[in-house]
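Each structure below appears as structure tokens.
In the two complexes below, subunit A is the common chain; its partner is subunit B in one and subunit C in the other.
Take a look at the complex of A and B:
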């Protein structure tokens, strides 16, 4: 067995290519949790409710739990591979070492698009929330949301530019507040503290129970992913955590448990108070369902708390997305999959500053020019392609480096059942996306086919062959 | 295997590469939105002079809509909107072929590249 320990101090502050100025190893498990949950928790504050529109409230709950199984498989698989491949770029770096360069290039793009589109969706929601607060407090009905969208993205990009520790400590605090806000709303409305306000039986009776039948349940799976999308982003911090073998599995698995709890509580309080047609229309109806639920409680404190929670969740998510997308872009630049200019680390702040700046205008284009459901769909589609890669990745990982050949920080149980389950749930979700967003799916895959050919026949000539393989592993079996 | 020495890329060529990626990605994501091809098709049932009863709302549902500030008239579009989930099997088959074909193509080309990487890193067997 190769005994190289990825937690060894000799790699601290060093890029995996031995560059002198590497990313700083300053993060602990709580930061990993904050990065994962911080990106995703906004999925409970907005976006998941499109699933209610696709199939009704029960369909959204079924989708929530099946998507929870999908992400549990993602977290298990990811924890094993990442606790071994601890380098910036996350799944991109995994693909480079396990599947091959072209797959890695595609995975790097999935990551960048999934996070950049999620960042755009967050900025749209933050802009909406501020305009809604202006309407409720001073009757202003035509507040221009665009300056707030631009400001949110620029402020968070600046924070990311200045340093990862401050960025993720900021995330830790605001994510915790947003999570506690959901718990308080649940306790205050469910009857645990005071009288119950829940009206599930009446709001979900008759045609409201499953308005589209079982095909609606399948369709809801599309937005079921939104409850958890981005938890796999914990791997992007691999090069900046002090103890990746311990912190990454712990932070990721604790994150998925937190999110399954938050998702179920969110569904319970929102579907017990808001009518399904209003809840399910995230463009003309409920853009921020937890905030709308708080409004119907009649409690000024809850309205304030969930307003703050929504704002914090969107900021934490956008913050984490900038962090993750820039790491993926940076890692590709460092390997010359993209122009090497993007692979630079700031000499003072030790952040991938050029990648951070470059992605800002792309986020702005979509935040200012595309509807929320379609921006969310772009993000989900990129995530879905990434989740399809993961089972293939772990099957090849176990085949090329069987157990005992290299040291793993975490070994996921029951292999290959999680991989097969994940692949099956991905197939169901492709069908769900096809029901309504098939054009976007085909356009997006058409894009990936064209850029794959561009990479293979043009860009790859600028890439060093053997130097890409930076892990101190033995030769893979079968090669 | 002989060590592969990649050519040096000029700054202009690097810039062109970034622009190609940008145009392709924004084009692929933005065009369906701009051409109106994105998003699920929605049908509305027309209800003349809507009331909560004619919209199929029970008293509790109607009460919640009123608490949100809706009247039957203003809520009618929201309540009667339904997705159209009909689809053609040919379209579904095309989607399956595109998705599976994409992954097969990628895995095959990746494998060719990966063998080169391993041969250079660990030497030929």
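Take a look at the complex of A and C:
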């Protein structure tokens, strides 16, 4: 991490418009990959298997691939818009430039809540995993998980506070280990190396194939999101990558390919070894399916590797979430959508340090005081609202600045098919979520309506309207 | 059993230390630099320096 003081006078400022201290451009495509995949990979290690409980193993696979299509659309759309609107805040900044202030305010909140809730859920999971280690190794059944939950959040917040390069290099290492662990488990159990342990034909025939019919497939869609939820977080690195036009599309698209591979392999090894009734019960059955699969192999090495992989995936996700939530909060503060105090950058570490610190107690409150399923649901619903915004955003983007008018880092193919596909799949997922979490969905939409009214009638007067549009683009078509 | 009790206390202690480090650095930074410097970051400035959105006539 660069360790000079940008305000010392030994080096001139950042740009032509008065920035004395800004975020540091030090990241490459590998860091973007680590940010996106790091946030998501925990979904392969746990959570996705609730979909098996809803509709059986085949339903979980169908949900996996449908959600894969949804997120491929997300990745393509994000790659085009973010590589062009390359600034901290990601989708918030896109909304500000392309749609308008009210949408930007809402999207900024979706992002902050989705990532902070996911961070809290990951910290709860890390505490649970450590208590399991205590139980399995020492027979301790009454371990207090709270200090480990608090330590996970504070350690990762401290890392984020100290600098983005160290933070995302750390994420790169632990995410790569967690991903390789899945590959090794697949190679060891599928027959590629040694004898195959797969029993798909026995475990998935007859009643077990689709135990609840096609309605079970629909219900499983909700948990199909788990395989990929968070890949859109790569956009938050836009102001800290050395080359946004290249690194963001490359890192994001490599990330979605990695996740589709990991998701399919995860489904294959888990559904081929664990009975669907056990696999689908994420509370009393298989909490961590990849780890449980490793335990059934009888290999001490695989048990250790997948145990480490589970913990690393959890920490990588929390780490990426802190990075992304703080950038969204920082960008909103910088534009005075929130108090400008949050828009500060640390002069030495070049991180949005006040936003990072401010979100720590919020994550702690949810991690220590709220049930895991509610925290996760709040995160998923905020993410889903964000995905609904994306297709509308890219349609407006192409309409206001048609191809050839501005330089794009990446141009996604087949427009508007990905946007329409994404919108359709979002509608299906809303219905699936409504089946299981209708009350929470209605409550959360009510919450966003109330804060929108607050923004419109009060907060908007403080917004820095001169900073609404900062990209050096021509006037939009029709204006 | 004693090991895990010790680890619980160690986790609390380390958490407190990390929180203290961040808060001390936060206060020190806020008292050393002016608010104008700390909040001087502007969106799009670096982008303006490194990317040019001119494609007319093939000029990048």
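We take it that the second predicted complex is superposed on the first by the 460 of 479 C-alpha atoms of A that agree within 3 Å, B and C clash if a C-alpha of one lies under 4 Å from a C-alpha of the other, contacts with A are read in each partner's own complex, and residues count from 1 in each chain.
To be clear about the criterion, a contact is a pair of C-beta atoms (placed from the backbone, for glycine too) under 8 Å apart; a residue touches a chain by one contact, two chains touch by 3 or more.
In this text, all values refer to a predicted model and were calculated from it rather than measured experimentally.
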What does the overlay on subunit A give for subunit B and subunit C, a clash or a fit?
fit
So in the superposed three-chain picture, is A:438 touching just subunit B, just subunit C, both, or none of them (first/second/both/neither)?
first
Contact-wise, after the overlay, does A:397 reach subunit B, subunit C, both or neither (first, second, both, neither)?
neither
Touch test for A:278: subunit B only (first), subunit C only (second), both, or neither?
first
Taking the superposition as given, does A:331 touch the first partner, subunit B, the second, subunit C, both, or neither?
second
Output check: A:151 vs subunit B and subunit C. Expected answer is one of first, second, both, neither. What do you get?
second
Greater residue coverage of subunit A in the superposed arrangement, subunit B or subunit C:
B
Which partner chains sit in contact with A:476 here, subunit B, subunit C, both or neither? Use first/second/both/neither.
first
Name the contact category of A:347: first (subunit B only), second (subunit C only), both, or neither.
second
A:128 in the overlay: touching subunit B, subunit C, both, or neither? Say first, second, both or neither.
neither
Counting only touches as set out at the top, which of subunit B and subunit C does A:226 meet: first, second, both, neither?
neither
Taking every C-alpha pair between subunit B and subunit C in the superposed model, the minimum, in Å, is 14
Check: subunit A residues flagged as touching subunit B and also subunit C 340-341
Which bits of subunit A are touching subunit C when the two form their complex?
7, 14-23, 25, 86-89, 93, 134, 138, 140, 143-144, 147-148, 150-151, 154-155, 157-158, 161, 239, 243-245, 331, 334-335, 340-341, 343-348, 353-354, 357, 360, 404, 406-407, 467, 470-473
Can you list the residues on subunit B that touch subunit A in the complex?
3-4, 6-7, 9, 14-15, 17-18, 20-22, 24-33, 37-41, 56-61, 64-65, 67-68, 70, 75, 77-79, 81-83, 85, 87, 91-92, 94-95, 98-99, 102-103, 105-107, 109-122
Sites on subunit A touched by subunit B in the complex
53-54, 99-104, 106, 109, 113, 199, 202-203, 205-208, 211-212, 215-216, 219, 273-275, 277-278, 281, 284-285, 292, 295-296, 336, 338-341, 362, 365-366, 369-371, 373-374, 377-378, 388, 392, 430-431, 434-452, 454, 456, 459-466, 468-469, 475-476, 479
Could you please specify the touching residues of subunit C with respect to subunit A in the complex?
1, 3-4, 8-9, 11-12, 14-15, 18-19, 21-23, 25-26, 29, 33, 35-55, 60
